[in-house]
Every structure is written in structure tokens, then in C-alpha cells.
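Okay, so chain A shows up in both of these, paired with chain B first and chain C after.
And now, the complex of A and B:
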């Protein structure tokens, strides 16, 4: 397939699906997303000389992608809406959003195309700048289009942050951690205990968040020290167990008894609130803004963006340092790495506890944001989902992990629920009895999710945006033969 | 000169198989020595024990006056022993330069905090490390243009050179080379032999190499040690070893020594070649 065709097709499918599933004013947003995806992909593959030319090229493809949005929007507005909601009015709004999506798609794609014609380092900087601008402007857009996605988007970013931390462990150091959510729980509960009336500590969240990250790191060390010297598969099993134990332990620590020499030192002490969880957890306070509130997500949004920016900055520094090199060398060939002077256990431990730190930090923020935490928020499927985010986007590549994380999280929190709602309504209107009985929302959500991943692993196992080396590794059939050949050569 | 490495009664057993059998061995500082022997003689196993990848069943290694068996591989490297591998083990998807930078790991100080905050000290260290990596790539004869290529995309001969550069980056006093010229054509072999000699002459690094190519062995070794079935069967100056009947027998089989015919190893492997 032609690279430009692939660009508008990818952008168009994303935008079209979003428009189809959500309908309404989301069509505008769908257009922006379609345009952004198309524009970035076109710019990546086709070099244009003048900004004008770049704009035209981007806009052309953006408009094609926009047609998908238009069609999705029209299908939704003219065919589906009348079925699920006969009293649905406002064809006018449908047309506006459809056309708006189309135009925005062309415009945004054109912008990215134009920016990419700038000389070498600046084109990248400007592309990133445009994305940052869009992200910063999102709350305004949300309000304008009355989308009310803000409350979902904040946890989305928290999870992407965690995926970035997991990427250090899995992508850089090559350690399979199946219980990563445990550190998320530890971070959240540490904050829960320190910044809530539960134990009467009521510490400021600004301090508690750092302590939470440190506690998670320490748990990482405690768990890692005995297991990391073992072979990879053992680590996977131990972390799997740890991921199961933490929520169960938290669930049962509401009647803590400690006996020493027959004396009941601690009797029925409620440490974690059991299945009722901890609540309310303190919120951040800032001068001018005051205390962050649950009903106004904007300060939270910018706070997590700032945390995200710092995290990406630090992860990039780590990656490009002596330590990052040691992680990657270890992933490539542990034996050779140790012979080049890398202390394997120490290096693994560092990656593992670094990952735990990020998870703990994210957990602390999350706990404070939703203000109440329960053991069930940290079950095994959270760990699996995080792993999927890392794998979908492309292990070892920061951009890839962010994109993969956004796709899975946005799909899981926004679009799959909307889709199941939609299908549910269609089923209810249909005449087939079996379909009416089905509860699409709870029965099929996970199935769809799993299906996406199975398809993904089959057609593009290296992830959407792989780091160069992983792609090479997974598509190196010919090279493997070469290695075998040289192996023979040597022993002759 | 005092020996830089002393091996005393080294034994290595894998289950019932004795791969190395009571080997005593001394390596003079500043020398180039060779370890030879038929396939499966235990040469690589001997290297692996020196570098801490295997723990000897019994016996001990003393390097520069310090007992090194029981140390883990990275501690041996830090103590000053660098190595290459018989089956090239580069970090295949890292660039040539990055491979050499990884080799400098123990000689660099940057820790977690340093990496995150990147103060001037760390920036300077990193810049010096990159300069040193480039110099080493030059030294072993890898062209500048290729230093950003993935190690796996380098031609075979360059991969062998890169392994040497990476080992040199650990600042070794002793360099162990496991069949450095394996798979090379005569011209490449010649160049590599010169490189090995230069490393010793210019950098004062003691070199011990395992080698099947007798032309190389005879050409650069000051001492040759022969292993067969794990045991040391001969040791001495190249020409002495080459005329040792036991050695010829080990290579060519019983009776061959008397006939002086070439045996199972065709390509310049006979010690008398």
C-alpha cells in the first residue's frame, strides 16, 4: 500500500469510527484527530519543499480522511440515531458537525504538512509544538463542544504515565513484570493513609506524593532483590503473585492483629479500610487556585500534564545515560553485558524500582484525584492492560508507548462504553429475543478489547510505533540465517 | 617479570565430563600468549572461568596478586580483565559507538541522580566517553561512517574488531581473545594480527588468545600452551610446541606424528604448518 494512502486511511478510520460511535459534536473532535494522524503520517513519509506545498499536500489527504468522518457522522445522525432515539431532533446539528469534521481534518492535516517543510530540527520541534498546543487547548475545546470528557481524560493520562514507567522495566531492561499495578496500589494507599483522616495524619498531598513514590520504590527493592537474580520466567511468576497479593492483603488489613509472645500488641486495627477503601483523601492546594475540586477538572488536567512532561524529560535522560545503556545492553545480551562490567542484579534492581517509583507516583495522584480508593481498583487486569499499552504502542519507544496507551485508555474509558451503549440500544430495538437478553456492555467489552490485541499481535507484533531495534528484531528472518551461517563458519 | 595471571590446579566438571583437568598456568605481564588445542579441548571453558562466567570446580586464579575466582563477571572486568567471544556477542541492535560506550561502564561514575539532573560533571564525563569510544573505533580500524550503524549491520570482520574495541573500552590489563581471526580471509587475518601486536606494544596490555590458525599462533605468540581433553599437554616457545610429539598426536591422531601427514584439520591448523 502506498504510504500516503496508508496515512489517510489510518487517520480516516480513527476519525470515522469515533464519529460513528459518539455522534453529536464529537464529530469536530473526530475531524481534528483524523487530521492530526493523517498529517503526521503524510509528513513522515513525503518530503515537500515549500510550506504552501506541504500545506496543500497535507490538506488534500486530510480532506480524504475527513470524508470518513463525514460519512461516520452522517451514518450516525441519519441512520442510527432515528432507530435508537426516534424523538431525536436536530438534523441541522448533524450536518454542521459532519462538515465541521471534514474541514477541520483538512485544516489540521495541512498545518502539520506545512510545519514539516521547515528545515530539519525545527520541523520536529514544530510538530511537537502543535501537538502540545492542541493538548493544552483541549479543556477549552471540551467546553466549547460540550464533550464532558475531562473527567475521563485525567485518569487516561495517569495510566499513560504508568505505562511509561512500565516501559522502563519491560521495554528498556527487558524484564517481564506482570504485577505492576501492585505498585500503583502501594502508592495510592500510602497517600490514602498519609493524606486522609483515616489515621488522623492529614498530610499535604504535595509531601505525601513523594513519600508514596519512595515507598513504592522500596517495595520494588524488597520484591526485586530476591527475585531479580533468578531467570526471567521466575520474575514474571513472582510479580504475578505479588500483583495478586497486594489487593488481597489490602482488602484484609481492616482487622489487623499482631501478637508478640502471646501479647496482643495490636488488636483489630483498621489499617486500610478493607473493601470499603479509604475516603476522603486530601487534594492538592495551590495559591490563587485554592484546593483542587472534584467538579472542576481543569487544574487537575494541567497538573497531570506537568507531571507527564517532567516524567518524559527524565525518562529520556535516563535512556540516554550510562544507566540507560546498561539496561539496553542487558536486554540484548545479559552474559555479554556482565562481561563488559555491568552488574546485572544491580542494574535490574534499578530498572525495577525506577518503574515502581513511577507507578507509586501515579497511584498517589490517582488516589488524590478520585479521593477514594478501593482494593478492586488494582486488580490483575490493570497490570495486563498496562502491559498491553506498552506492547501495542511499541516497546522501548516513548512516543509509541504514549500513543498505544492513549489508544487503549481512550477506547476503554470513552469509546468502548459508548459503543456498547449504542449496540445495547440497537439490540433492544431489534426483534430478536436473544439479542434483547444480551448485556452488551458487560459481556463484550473485554472481548472487543482482547480481539483488538490478538489482531494486533498477528499483523504488527512490534507495535504501532516500534523502536528501530525491536522492529529489526521481529523482522529479521534473513539475518537470523546469517548468524547461523557465521556460527558454522567459526566452528569449521 | 612477575606473572600477571596464575592458575593453580584448575578443574572444571560439567556433570560427568571433565572439561578442564588440573591445569596450572602462568601468564607473564606484557606478553602475548596463545592457548591452543583441538575442538572441545576446554579452551573456552578456561576463559569462562577466568572471567567469572563459570566457577571452577577446584583450583584458583590469581590476577595481579588478587584471588579472582568467586568474583562475579563484572567484578573481574573491573579488576582489569577484558574479553571477546568465540561466537560474536555484540549488542546487536545498539550502534557500534554505543557498544564501545557500554564497554566503559565500569570506568564511568554517573549514577541515577547524575543521569537525571545531568550536572556539568556528568556532561563532561559523557563527552569524554564518546571521544574515547570514537578513538577506540579508529584504533581498531572501524570507519567513522559506520560508527552509528547497528552492530548487526556491520560486516563480519568489523564485528570482530568492534568486539575488541568494546573489550579495550573496559581498560583491561589483560585481554582475552577467543578465536579473534575465526572466519576471516588471509588479508583480514593479517591486519588483525598486526592490531593485536599493536595493542600489546602501544598499550602495554597482556594478551592471551585462543586461536586455531597456526600461522597467527606461531607468528605472534611468545608462549604457547596446549590443552587436550582438558589437560595441559605441552607448553613453551612456539617452535618447541610445534615439534612436540604429544601435540602433533593430539591434533592428528596416533601414528600421524611418525608419518608427518596432514590430518583432520586442513586449513593451516597443524602445529607444524
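And now, the complex of A and C:
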């Protein structure tokens, strides 16, 4: 397939599906997304000389992608909406959103195309700048289009932050951690204990969040230390074990009894609140803004964006630092790395604890944001979902992990629930009982993760946006075992 | 170990992190396991009848855990991958068995003359289907990754396990009239099997002879589960030790390329390992369903991890080891259910897994230096 065709097809399918599933004024947003994806992909593959030429090229492809949005929006507005809700007319809005989506898609794609024709370091900066602008403007867009996605978007960003942390462990250091949600739990519970009336500490969240990250890092060291002699899949299983023990412990430590030599030192002490969890957890307070509130997500949104920006910067610096290079050397060949003077023990422990820090930070923020935490939010599927995010986007690549994380999380939190609503409404009057009962959000969620993992591993193990190193490594493996490989092939 | 030699050769004084971590683990487990254990032992002595009952439950649990552990150990022995999806194959086996029980309309009232042949037929069908499922999984999700890095097949297997778990969830929505309503009305809720195995106490006569002090409950179904599992295990053991195909499997496990040079079809041998493992998992699914009377789509995860722990405890790749490990894990989990609290059992099993992997990765019956991790 032609690279340009692939660009507008990808953008168009994304935008069209969003428009089709969500309907209403989401068409505008779908147009922007379609345009952004198309513009970025076109700019990446096709070289233009002048900004005007770049704009034209981008806009052309953006308009083609926009047609998908238009079709999706019209299908939704003219065919599906009358079935779901016959009394609701609102055709005017359908046409506006459909055309708006088309125009915006062309415009945004053109902008990205034009920006990319600038000289080398500046085109990248401008592309990033445009994306940042879109992200910063999102709350305004959300209010304008009455989307009310903000409450879902914030946890999405929290999980993307965690995926970035997991990327340190899995992507950079090459240690498969299947119990990463444990550190999320540890961070969230530390904040829960320190910043809630449960133990009567009521610390400010600004301090608690740092303590949580530190506690998570210490647990990263503690849980990482026993796994040092292990490699590969055994390591993965031990981390999985820790990842399971932590939620079980948290769930069961609500009636703690400690007997030492017959003396009952601690009797029925409620440490973690059991399955009821801990609440209310304190919220951040800032001058001019006051205390952050649950019903106004905008301060939360900008806070997590700031945390995200710092984390990305920090992780990038970490990646290029001495320890980051040591991680990558260890990933490629542990023996060679240790012969070159890299202290494997230190390097591994650093990877575990740095990864855990981000998870603890994210857990603290998340606990404060939803103001309550439960053991059920740290189960194995959370760890696997995070792994999915890292693998889908591309191990070891920050941009890839962010993109993969956004796709998985948005699908999980916005797309599937909306699809579920749509299907349920469509089949409300049909006789097929099963279709009415099926809940797409919860009944197909795990399938999505599972299929992502299997398909990515078998077809494109380096992810959607791979880092050059990982790709080279994954494909060089074929040559190493060439003898065995050819042998096996002969007998097929 | 290369790391240690590298550091000592550099002449630095380094902190023995590995030993610090090991000592930490020991202290942790002494505090949190041994101290409560003293109380547990007192409880055990106080009520030997309860202990005996728990040991019987542990034996039956051990029997089915050993069956599932076969799948892990056979596959790991040959392709050196953890087939994470194996627990879910067992779950699918239980659901399939439940569906077949519904289709054949077996209930408590069905006379034994019909019930026994029907159950045997269900056992054969279930074993065949799960075996085929396991072979298909290997074909679709693992075969391409055989020469990739070690983590790729593991991640793919986790993906398969999630897909199968979801399939089990969706299975709950199947409500054909031919299934006689066996799936109940709620798709997600645990499904109940009719109690088809005899539940009378066999040792009733002993109580009559020896008096009230000798009151141990050994139901017919305990015995049936153990007998069926053990005969399957023995059959599998004999197959691997005595037949030509079994010899091929052992040869492939030892050295794949050498086996290939000797004219063994490696692909077919690997498929055979998955086939046998899948069949054992299917049998376990039927047995557990009948024994416990329930099947739920999340049962595969816990059972899979217990069985994997059993396989590792015995020495992964070692058939006899997996049987021993299954027995031990079954006993431990039954005792932990009774004396500690059922909600801690999974944590106990995981704790054991972590300890074995850290201290003795080759397992109880594994050979020294045979660490394959």
C-alpha cells in the first residue's frame, strides 16, 4: 500500500469510527483527530519543499480522511439516530458536525503538513508545539462541544503516565514486570493512609504524593531484590506473584492481629479498610484555585498535564543518562554488559525502583482524584493492560508508549462503553435477548487486551511506533537461531 | 553469577544484595508464616477429625492440580515456555463439560446405569476438544514465536489466556433450549453442576465399629476424583516412558536440534505435548466441575497459578515432580483454607512460588544446575 494512502486510511478510520460511535458534536473532535493522524503520517513519509506545498498535500489527504468522518457522522445522524430515538430531530446539528469534521480534518492535516516543511530541528518542535496546543485547548473544546469526556480523560492520562513508568522496566531494562499494578496500589494506599481521616493523619496531598512515590520506590527495591538471580520468564512469574500478593494483602489487612509470644500486640487493627477501601482522601489545594473539586475537572487536568510533562522530560533525560544506557546495554546482553563494568545488580534495582516511583506517583494522584481507593482496582488485568499499552505502542519508545496508551485507554474508557450503549439501544426492541443483555464495555474489555497482545506479538512485536534499537534487536533474533529455524522449516 | 565474579575480580567491596534479600525474605516469612503456624499446629492437634477431612480434600485437590500441572511441565520441558493460557484451557474444559451435561440432560435422578457411561463419554469428548484447542493455540499464537526472544511467547500466552477467559464469560450467554437451562440466567455468575457423583460417606461403617471418635468423612466423589486422576497420570507417565512417541518427546526435550537430526518431527512432537497437556486439563475441568459443583469463568487463573506452582515445586519439565508438586500444593492449599483463611490461600501459594524460584529454581526433583530460567 502507498504510504500516503495508508496515512489517510488510518486517520479516516480512526475519525470515522469515533464519529460513528459517538455521534453528536463529537464529529468536530473526530475531524481534528483524523486530521492530526493523517497530517503527521503524511508529513513523516512524503517530503515537500515549501510550506504551501506541504499544506496542500496535507489538506488533500486530510480532506479524504475527513470524508470518512463525514460518512460516519451522516450514517450515525441519518440512519442510526432515528432508530434509537425517533422523536429527536436535530438534523441541523448532524450536518454541521459532519461538515465541520470534514473541514477541520483538512485544516489540521494541512497545518501539520505545512509545519513539517520547516528546516530539520524546527519542524519537529513545531509539530510537538501544535499537539501541545491541541492538548492544552482540549478543556475549552470539551466545553464548547458539550462532550463531558474530562472525567474519563484524566484517568487515561494517569494510566499513560504509569505505562511510561512500566516502559522503563520493560522497554529500557528488558525486565518483564507482570505485577506493576502493585506499585500503583502501594502509592495509592500510602496516600490514602497519609491524607485521609482513616489513621487521622490528614497530611497535605502535596507532601503525601512525594512520600507515596518514595515508598513505592522502596518497595520496588524490596520486591526487585529477590528477583535478581532470575531471568526471563521466571522473573515475570515472580513479579506476577508479588503483583497478586499485594492486592490480597491490602484486601485482608482490615483486621490485623499480631501475636508475639502470646501477647496480643495489635488487636483487630484496621490498616487498609479491607474491600471497602479508604475514603475520603484529601485533595490538593492551591492559592487562587482553592481546593480541587470533583465536579470541576479542569484544574486536575492541567495538574496531571504538568506532572506528565515533567515525567516525560525526566524519562528522556534518564534514558540518555549513564544509567539509561546501562539499562539498554543490559537489555541487549546481560553478560556483555557486566563484562563492560556495568553493575547488573544496581542497574536492575534502579530500573525496578525508578519504574515503581512513577507508578507510586500516579497511584497517589489517582487516589486523590477519585478520593477513594479499593483493592479491586489493582488486580492482574491492570498490570496486563499497562503491558498492552507499552507493547502496542512500541517498547522503549516514549512517543509509542503514549500513543499506545491513549489508544488502549480511550478504547477502554470511552469507546467501548459508548459502543455498548449504542448496540443496546439499537437492539432494544429486537427479540434477541442476548444482544440486549450483552455489555460491550465489560464483556469484551479483556478480549481487547488479549487480542492486542497476541496480534502484536505475532505480527509486529516492535509495536506501532518502534524505537530503532528494539526493532533491530527483535529482528536480529531471527539470524541468531538461523540453524534451528531453517531446520524447523524443512520439516514443515 | 557472572555478575558476582565480575565484581570480585574488580576487587571492590560490594554489598551482597542477593543475600540481604534472601535473609529479608526469610525474616518476613518467619514472622508472617511460622508464628501463626504454631497456633495452627495446636488447632490441628485439638481436632484430628477435621485435619483428616482437610487432608482428604487436599488429596483430591492435589490430584486435579497435578493433572493441570502436566500441561505446564510437558510444554516447558520441550519448548521452554510458560503456557500461561493453560489454566484457561482447563476452565474451557469445565464449561464444555457443563454444557455437555446440560445437553445430555443428566440430573441427580438419572439412574447410574445411564449416568456412568454418559459421564465417561463426556470425559472423552471434553478431553478431545481441549486437546485440540491447545494444539490450535500453539499453532496460532506460539509457533511463529519459537525462535523469538523468550518473553514474546509468554506475552502472547498471556494474551491467549485473556481471550479464553473472555470466551468463558461469553459462553455464559449461550442458552440454547437443548442445554436444558444449565447455564442459569446470569452470564457472569458461577454456573452450578448437578451433583452427579455419589456423596455418601464411605467410612460410615468405621464410625459404627470404632465409635464417635473415629468419624472421618470420605465421600464416594473424593475417591472417584482421585482414582480417575491417578489413572490418567499413570497412563500419561507410561505413554511418555514406554512408547516411541514418548521417547521422541523426551529426546526433543533434551536437545531439539539433535532430535531433529535423528529424524524426529519436532513440530509434531511439540504439538503432541500440547495435545496431551490439553487433554489432561480438560479431564481436570470435568472432574473439578463435578467435585466442587461449580464452574466460573475466572476459575482458570487461580487453578493455573496453583498448577504452575506445583510444576515448579516439583521441578519443571519433570513429570513425576509435577505429580508430587501437585499433591503438596493441594494439601497446602486445603490446610491454608481451613486453618489460615481461604482469602490468604492464594497469597500463600504465591509466596511458595516466589521462595522456590528464588532459592531452588530447579524444584524438588529437578537436577542441580538445571535452571532453565
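We take it that the second predicted complex is superposed on the first by the 447 of 492 C-alpha atoms of A that agree within 3 Å, B and C clash if a C-alpha of one lies under 4 Å from a C-alpha of the other, contacts with A are read in each partner's own complex, and residues count from 1 in each chain.
Keep this in mind: a residue touches a chain if its C-beta (ideal position, glycine included) is under 8 Å from a C-beta of that chain, and two chains touch if they have at least 3 such contacts.
Predicted model only: the values in this text are computed from it and were never measured.
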Partner chain in contact with A:338 - chain B first, chain C second, else both or neither: both
Partner chain in contact with A:447 - chain B first, chain C second, else both or neither: second
Which superposed partner A:242 touches (first chain B, second chain C, both, neither): second
First, second, both or neither for A:384, with chain B first and chain C second: second
Touching partner for A:314 - first (chain B), second (chain C), both, neither: first
Which superposed partner A:21 touches (first chain B, second chain C, both, neither): neither
Partner chain(s) touched by A:398 [first = chain B, second = chain C, both, neither]: neither
Comparing the two partners chain B and chain C, which touches a greater set of residues in chain A: C
Which of chain B and chain C A:457 touches, first, second, both or neither: second
Residues of chain A that lie at the interface with chain B and also at the interface with chain C: 335, 338-339, 341, 343-344, 487, 491
Chain A to chain C touching residues, read off their complex: 176, 178, 222, 225-238, 241-242, 244-245, 248-249, 251-252, 259-260, 334-335, 338-339, 341, 343-345, 349, 380-381, 384, 387, 391, 434, 437-438, 443-447, 449-455, 457-458, 461, 474, 477-478, 481, 483-485, 487-488, 491-492
Residues on chain B engaged by chain A in the complex (per definition of touch): 39, 51, 53, 72-74, 77-78, 83, 85-94, 98, 101-103, 105-108, 110-112, 114-116, 118, 122, 126, 129, 150, 152, 156, 166-167, 169-170, 179, 182-183
Complex contacts: residues of chain C adjacent to chain A: 1-3, 6-7, 10, 14, 17-18, 20-22, 24-25, 35-36, 39, 81-82, 140-141, 144-156, 158-167, 169-170, 173, 175, 187, 256-257, 260, 265-267, 301, 305, 308, 341, 343-344, 346-347, 350-351, 353-354, 357-358, 361, 373
Complex contact set, residues of chain A against chain B: 314, 317-318, 321-326, 328-329, 332-333, 335-344, 350, 354, 468-470, 472-473, 479, 486-487, 489-491
